[in-house]
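There are two complexes below, and they share subunit A, which is joined by subunit B in the first and by subunit C in the second.
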Partner chain A sequence: MNSLSLLRSSSRVLLGSFRNAGAESIIAPQVVSRRHKGYYKSSVEGPAEQYTEVEKSYVEWKFVEKLLPPKLVPETPSDPGVVYPSGWKTPNPEEYSKLPYYIRRTKNGMLPVYYRSFNRGMFQTTRVRYVEGNVWILEKELGQYLKKNFPKQPIITHANEVGRYVQVRGDHEPMIKQWLLDKGF
Partner chain B sequence: MFTLITFSKFGNACMCTSKFIKSLSTTTNKLSELELNLTERNVSNEVAVMERGPLPIITGRQLPFVPDRRLVRQAWVDNLDTIEEKKLGLVDLHPDIFGAFPRIDILHDNIRWQKLYRYINWKHLPNRMERQGGGRKPWPQKGLGKARHGSIRSPIWYHGGKAHGPRGPETNFYMLPFYQRVMGLTTTLSMKFAQDDLKIVDTLDIPTDDPSYLQDLAAKRHWGVSVLYIDDSDLMPKNIALATDSVGHHNLMPVYGLNCHSMLKHETLVLTLAAVNKIEDKLLYWLHTNDPLTPAKKYTGQHTQGMQ
Partner chain C sequence: MLEFESDLSTLVAIIIPCIHSYVSTYLEWSCTSKQIQMALRNGTDRALALIRTLPRVSAFNLRPDPASRADGKRPRGQHGGRRHGYPQKGAKQRQTFPRLGFENGAVPFYLRIPKENYYKGHHLRRQYPPLSLHQLQTLIDTQRINPSEPIDLATICNTKIFSFNPGYRHFGFHLTDDGMDTFQAKINIEVQWVTEPVIAAIEKNGGTITTAYYDVESLWAIRDPEHFFQRGIPIMKRMLPPEDAVEYYTDPKFRGYLADPEKIAEERFTLAQKYGYELPDLSSDPQKELLLRRKDPKQVFFGLQPGWILIPKLPLHGMSPKKLGSI
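Entry: the complex of A and B
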């Protein structure tokens, strides 16, 4: 602390002498602006009366722990088909267990339906990922459902069994999500 | 060194599986062996008597994050201390690690990456500036009736420089995205398990350091020629370390060295219970972490910026 303050004072003197170099006869009071704004400009430590004593305590650590984010995403609630106040709905095995395909929620409990536009918005695709079971039946049913809702649009679907996804051209993300939610996924 | 995924920062994260089979970790045996080694250096073929707790060793585990519509996989726990196979118990395996969908495209990406990142293309041919000589004009421009030439190292000359030759050495290093590496491990483990090429043993303690013991054991149990033994730490038991030392197709590996290429190279993969525990802990941690982007950013960008 001492060395730092010494440095500061010396630089102040230098600055003042440089300013007054041209006019030696004029005795002007050296006004040094003190701006305790930045980290390096501010004084390191105040007077001792300003501070209290430090005591180590681990009792309140549990309240800090509440604020720390968990390392793992907690498991999603397992009550089937419950709609939470946020609008989030849990999957319902009773509804989807009869279907030949299954779409697993992501670790965050969301449906793995992803919209993507590429080539500056030239192409738009919606992809349903993590499909288990029969991809081809899902592709067919999804195409029929979209065709019923958009009879004038060409619905072009594509299924990849190795990549476990079904892809539709166009922006159909909310529609597909609702359709999957209605099926219980 | 990039084949492994380093988990050391978050090692032994708050998974609840570890407490169930922690007592089976072989580290204590290894340490006691080391101490013995310091006092008496008797490397002989004495058959030691192995001690084991009451059977079955393990009957069930609490697995976190088991998804709906997925069966918990089960595998026999075998022994290594006799050539004949003994079933010591059953162990539950997580369906996301040992029963994952085989993404063979991701597996191919992993294998290709493991071959490429260490491959340096040394092909190099000198251009006209790098060949010796050629600074002098071979003959005057005019008056000889010959073609105009300025250098004997021009690319059209015999023994001239190469115009657009390979400019080696070139690196092929790149980093596969983190979660493709994770998926590569789960895919390979699942495929090995589905093809019955994944064996689980209690420990890697064998009674002798004779290399023929492991070969007889592998032949008796139809494990094929090459076997990869994986333990939780890199401090291996003495006997198996000596037994595999002179045999090229029986290899030891710690969990942090687990990679797709080695698993495919060996016909059989042998995991200890402690290794199973550690692999599951770490892979499940990355599959369910709250902070998925930190490892994803780890190697991308900073390594590739200078090369492009």
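Entry: the complex of A and C
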């Protein structure tokens, strides 16, 4: 019984509490338990003199600024109707201003033509968004253009004036994009 | 006659509940007592009036048949409590199902089909997500990437369009040859994996390319430099490539960052001979300083040395001023 209580009391001492110490003769150093999650989160060890000196510098901050990402999407070039090496083209108001409809670019400078497949690929749609002006004429012209290129394929178009989009069944994204680029959008 | 009349009244009494749901005009033929007829008329009229005010039956106001849904309770006592829905004997009662992939004694699929050893160790191999020359040219055209600065992993990831995950063992980008015929930019680029035609496409335009290895710690840092700077820890050393990657990154044919620069110059010339283009002279180029700027093999960021700590003037998000002071 005595030995058991001694064991218990000694284990408590290690945890940093001297309560119920069986004998006063037991003198153990108080151990502070610390949990270091990792190298970077561990606290500073030893006196400050051990460490190497630190030099402050403000000159190299320009290299840090180059490594920070831009806060806004960079502006795309604004010269009208220029074709760049990648095939990316700026919109040309001279060409599209004659048409009864207008399609604006997205914030990334791309055409808002989106392909979507759903129900495990059963249904495929291509949607032209952000249409301003006459949606119905765009729907008609787009349908005629696709019918001309795919005479054996049923071209089913759908226009939503409130939603400002024209939708075609099937995967026609690259073709519609090229058609819109040729129209100056 | 009297008997008949009495029989008729009973007959009417039986029929009435059956035709209760019919429209009231159909009831007039029976010529029953006035009281019953009036009560029915009132009832049907009330029901019809109620139906007129109710919404149409549609998928929105239907609820499933209560019997169609089984409650998840374990049956007890007389409600199937003997075996709780399980059979009397066999695997289904004792839950001793055959092991996964067992096909009742037939040679199972996983033994019937030969091993695909080319997948061996796939969870340990380094992976390089693709970035095509066409995509790179588009980034430059839309002013996402500045070609007058050296392009490295930080530049590509800071566009926030392309990224990689070192947690999936991605070790940087593989520059692919898609769009190499239309590639026109003159750049100094550093990627992690490249093939011969891509090197030719870049050097033809007067640019330079290097392949460089980044270890996982430095990949996490260069993937999102802003996040790394906010951590307030010293910039690490970039480790040298592991044994199986040394051959590639010391090869002048792949413009390895550990290759001899003189041999790289020779290889540039031989590649130009092979693909039949005139190699632009780098020594007389006005952008010579840009095109020949290279990182130290142990350096992660351009212009910043390992061991440096960045302390911004204002505390960044997620970084308390107290912690900054202790650094």
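One rule holds for everything that comes next: the second predicted complex is superposed on the first by the 132 of 185 C-alpha atoms of A that agree within 3 Å, B and C clash if a C-alpha of one lies under 4 Å from a C-alpha of the other, contacts with A are read in each partner's own complex, and residues count from 1 in each chain.
Rule of thumb we're sticking to: a contact is a pair of C-beta atoms (placed from the backbone, for glycine too) under 8 Å apart; a residue touches a chain by one contact, two chains touch by 3 or more.
Just so you know, these numbers come straight off a predicted model, no measurement behind them.
> In the superposed model built on subunit A, check whether subunit B and subunit C fit or clash.
With subunit A as the common anchor, subunit B and subunit C both fit in the superposed model.
> Is A:Y40 touching the first partner subunit B, the second partner subunit C, both, or neither of them?
The answer is second: A:Y40 touches subunit C but not subunit B.
> Touching A:R164, do we find subunit B (first), subunit C (second), both, or neither?
first
> I'd like to know which partner A:Y84 touches here: subunit B for first, subunit C for second, both or neither.
second
> With both complexes overlaid on chain A, does A:L72 touch subunit B (first), subunit C (second), both or neither?
first
> Taking the superposition as given, does A:P93 touch the first partner, subunit B, the second, subunit C, both, or neither?
After superposition on chain A, A:P93 lies in contact with subunit B alone.
> In the superposed arrangement, does A:G109 touch subunit B (first), subunit C (second), both or neither?
After superposition on chain A, A:G109 lies in contact with subunit C alone.
> Which touches a greater number of subunit A residues, subunit B or subunit C?
Greater contact footprint in residues on subunit A: C.
> Would you check which partner chain A:V64 touches, where first means subunit B only, second means subunit C only, and both and neither mean what they say?
Second partner only.
> Between subunit B and subunit C, report the minimum C-alpha distance in the superposition, expressed in whole angstrom.
Least C-alpha distance: 7 Å.
> Shared contact residues on subunit A, subunit B side and subunit C side combined as an intersection?
69-70, 75
> Can you list the residues on subunit C that touch subunit A in the complex?
134, 137-138, 140-144, 149, 154, 158-160, 179, 182-185, 225-226, 229, 231, 233, 301-304, 308, 310, 326
> Using the touch definition up top, name the residues of subunit B that touch subunit A in the complex.
Residue list for subunit B touching subunit A: 10, 13-14, 64-65, 67-69, 101, 103-105, 285, 287-291.
> Going by the contact rule set out above, which residues of subunit A touch subunit B in the complex?
69-73, 75, 91, 93, 97, 102, 104, 107, 132, 162-164
> Name, in rising order, each residue of subunit A that touches subunit C in their complex.
40, 44, 60, 62-64, 66-70, 74-77, 84-88, 108-109
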